[in-house]
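Next, two complexes with chain A in common: one pairs it with chain B, the other with chain C.
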Partner chain A sequence: MSKLGVFDLAVRYGKLTAISDLSLSVAEGERVFISGPNGAGKSSLLSAIAGAVRAAHGRIEMDGEILSGLGVEGIARRGLSMVPEGRRIFAGLTVQENLMVGAGMRRDRSAIGDDLETVFAAFPILRERARSSAGALSGGQQQMLAIGRAIMTNPKVMLVDEPSLGLAPKVVDEVYDRLCQLQELRGLTLVIVEQSSARAARVGGRMLLMRAGRIVGDGDAADFAARDLLTEAYFGGAA
Partner chain B sequence: MSLQLLFDALALGGIYAIAALGIALIFGVMRLVNFAHGQFIACAVFALIVPSTDALAVLGLGRLPAPVLIPLILALGAGLAVAAEALVFRLMRNASPVALMVGSFALGVALQNLLLVVYGGRPKAVSLWAELSHPVQIASAEVPLLQLIVIVTVAMILAALAIMLRHTRLGLEMRAAAEDFTMARMLGVRANRVISGAFALSGAMAAVVALVLVAQTGVADVRMGGQIMLVAFIATVVGGMGSLSGAVAAGLAIGAASAFLQAGLPADARPFRDAFLYGGVILVLLIRPQGLFAPVGAKPRV
Partner chain C sequence: MPSQHQLRRRSAATTPLLLGLLLLTFVLVALGLGDRAIARMAAETLIRVTMVVGFWIFVGNSGVVSFGHAAFGCIGAYVSAWLTLNPAMKAALLPGLPEGLAAADWPVLPAAIAGGLAAAVIALLTGAAILRLSGIAASIATFAFLAMVNTIWANWTPVTGGTSSVVGLDRYITPWVALGWAFAAILVAALHAHSASGLALRATREDEVAAAASGIDRYRHRLLAYTLSGFFCGIGGALMGHFIGVINPDGFYLGLTFLMLAMLVIGGVGSLSGAVVGVLALSIAVEGLVRLEKGIAVGATTFALPPGSQEIILAVAMILILIFRPAGLMAGREVMLPARWVARRGT
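Take a look at the complex of A and B:
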């Protein structure tokens, strides 16, 4: 049984179709990159899985349970966490408060403490800045905070939308290093939107190529990177 | 400046601050300007007296000793607000802010007419805690005991709210939801819990204002919430919509300005005090249209 399953999903915004007849299956512990040009529907797919946008039809399952109808917070409480595009940290809260919002639904106090320690170990800068306003963090630090905040919900599946957006390559390296470490440590299933197939190949994993609301390619990220020139020509150099 | 005037300013500003908080709390989490807030206040006032259209008011709940009465009226105010959310605003959860606002107007009119039917339209004399109007000598000033109590109560409420927002789970969730509601929900924060919590707090604030108004004026009037609601709304706008501390600061400032103008204007100009006051409000908004303390939540997305 797959960890995360999407069946015949369609998402529309008014008359605009963002996703049509999309199906995919992600195994437990797998790392899946979603790539494709702007407007391909990558973010819409993640938002639909997280329940933040309504599906026109189709269904989404985690561990065989249908997620539609649970509501955004219901899905989060089942163990699916989202690191959204633009990070969306709570700028008026402190770094630690941001992390604790993620832990708000949990009752296992000692495990919350352990997870906080895990996040701080992965991103020492967050420990340093724990008491300062999250709005004062740099872009890279905010990305780390957004990932840490998602970890604090103790997710089984984590969706990460363009973690490299607007960050310097060195910072992107660090973010991916930590993300992979956390995945291994927690046995996470990761779905990551990443524009650059070269980057995805370097990190390693499966890659889905989206175009115009559909999946048009599915394979190892390294194979895609090898064909990158071709895809770039095909999509107009979106990466 | 006389000490007397300072107390007047603090007491009036304090009431406005509490009323403005009632508006700002709800606006913060769901972008709703709750124009029924004034009617929440009126309902809490009329809860003190026995339902009847007679001109003479008979105290019902209002006869209870203060240590029982105050928590009871606060709970009633909170309950009314939570019920209004569950029965009216929850159905409009995905409506536009404008539709929500119109909905709150409708709810306010409905509540006001309910009060008119049950209690009649004439203002009624209500004597609540009459002994509190005795003056107390503080240095050179004679201050009504009630005024002192109001100032202390407002300070305590503000402190309690600040502690609650900083150090409780609901407080943290409310602050997060006020910045980015969907993101908070994506982290498992329950929308209904946060919104109900905000309404409960707001309703309790309305009840506090109601108790103070009755004790100060000795009148129960179906329309009494409207005036203060207007001032409170203006305070939330001047303070910066969504900023709690801004609402408090602007509420205090408007109350204080009102008291100072009342004392400082020449006698001929006093009837036009509010014109001066709102002239000042317009000036502030011309210089800072986003309000004095625009919240940080409205950050641009990458």
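Take a look at the complex of A and C:
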């Protein structure tokens, strides 16, 4: 059985169709990149899975349980956490408070200290800056904090929306290194929106290519570089 | 050795104590001056601290501006009046009171607590509807709530006395009683702000989507803060009634709403210390201006500000603060002892 399943999903904003007839299945522990041109519906897909956008049609399941209608916080409580696009951290709170917000809903209070230690070990800069205001962090550090906060909710599935957006390539390398480390350590299932297929190929994993609200390519990220699927997706060749 | 985190917590725990000490000093100085008017001003200021700190519990943590909290003061004041007024007087003034209330002759402390609880219950019920709205819509709804309470109180004459004042409340409020309640409000506000619920609420203030993605149910945490907030505003209203001895629905309407907002804005909505400092600064300024309006005799001539200049000067002060120091006097900071000092003392 798949960890995460999407069946016949459609998302509409008024008359505009962002996603139509989309189905996909993600296995436990898998790393899936979603790539494609702007407006392909990548972020809409992530938001629909996380419950931030209401689906017009279709259903979303995690471990066979239907998630639709639970709302963002209800879905987060079931172990599916989203790292929203644009490093949406709580700028007015301290770094440590940001992390503790992630842990706020958990019942297993005793494990929170260990998880905090895990996050600090993965991102030592967060330990150094634990008491300073999160708004004072650099862009890369804020992205790390957003990932750390999601880890603190103890997720089984983590959705990450464009972690490389607006970051220097070296910083992106570091973010992906740590993200993969955390995935291995926690047995996470990861779904990542990533514009750069070259980046996805380097990090490694499965890649889904989207165009105009549909999945037009599905395969190993490394293979995409060799084939011309990307060009087709971007320039509208026969998919 | 205690960890950094523990030290930080201990350091934060000094905030309510320091604020309490600040208010204690304020009372001692005011009483030490031996001027009855100043002693009265001190008591009134501390009642406002109770109300504004209560107000801050919701507004400061949720980031939602409320225009309705003066109504909780109204409810608290009238409930306390209904419970403590001499039954014979109530029969004459408020013939429509239900039997239980008409015969009630409660001591003042339980009556004040009952006033706070009544306000909290109304906050819980109205908040359940209002707080599902987001941002500005919630603020407008609180304003509608204020107008509703005022209209009901002004027209339900057999029970509330309508627009004519209810008189004869036991004037038991000394600066010390007011100090006790102000400190209680500060302590509860600090405990709430450091609780998991307070932290979650501040997270929703910073970013709604990210907070929801962290599993936070915004509505639940808002409702808790609103109810707690209603309680202390109700207490503040009860204290205000027993301080002046006369209550009237218009005493808890736009004037009070504006004053509470001005105090919070001037002190800084970002911190509990801001709420307390704002009340002190504004109350002292008002007292000074009132004296200037009355006039100061210099030799044979008296210099006096034209009546009404107090309100204008305060409004200008608020605008200037908004322009030059938008985060308020405290700019979101808390008064607290440094962690290093706490470490030396604590071990």
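By definition in this document, the second predicted complex is superposed on the first by the 228 of 239 C-alpha atoms of A that agree within 3 Å, B and C clash if a C-alpha of one lies under 4 Å from a C-alpha of the other, contacts with A are read in each partner's own complex, and residues count from 1 in each chain.
Everything that follows uses one rule, which is that a contact is a pair of C-beta atoms (placed from the backbone, for glycine too) under 8 Å apart; a residue touches a chain by one contact, two chains touch by 3 or more.
Here the structure is a predicted model, which is why all the values come from computation and not from measurement.
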Based on the shared chain A superposition, would you classify chain B and chain C as clashing or fitting together? clash
I'd like to know which partner A:G166 touches here: chain B for first, chain C for second, both or neither. first
Under the stated touch criterion, which partner chain does A:D8 make contact with: chain B (first), chain C (second), both, or neither? neither
In the superposed arrangement, does A:R88 touch chain B (first), chain C (second), both or neither? both
Touching A:A76 in the superposition: chain B (first), chain C (second), both, neither? both
Classify the contacts of A:D108 with the two partner chains as first (chain B alone), second (chain C alone), both, or neither. neither
With the two structures laid over each other on chain A, which partner does A:D218 touch: chain B (first), chain C (second), both, or neither? neither
Who does A:R131 touch here: chain B (first), chain C (second), both, or neither? second
If you lay the two complexes on top of each other, which residues of chain A touch chain B in one and chain C in the other? 50, 52, 71-73, 76-77, 81-82, 84, 88, 90-93, 97-98, 100-102, 104-105, 149-150, 152-153
So, in the complex, the side of chain A touching chain C is made of residues 50, 52, 71-73, 76-77, 81-84, 88-93, 96-98, 100-102, 104-105, 130-131, 146, 149-150, 152-153
Per the touch rule, the chain C residues reaching chain A in their complex are 4-5, 8, 196, 199-200, 202-203, 205-207, 209-218, 270, 332
Please give the residue numbers of chain B that touch chain A in the complex, ascending. 169, 172-173, 175-176, 179-180, 182-191, 295-297, 299, 301-302
Listed in rising order, chain A residues that touch chain B in their complex are 50, 52, 71-73, 76-77, 81-82, 84-88, 90-93, 97-98, 100-102, 104-105, 135, 139, 149-150, 152-153, 165-166
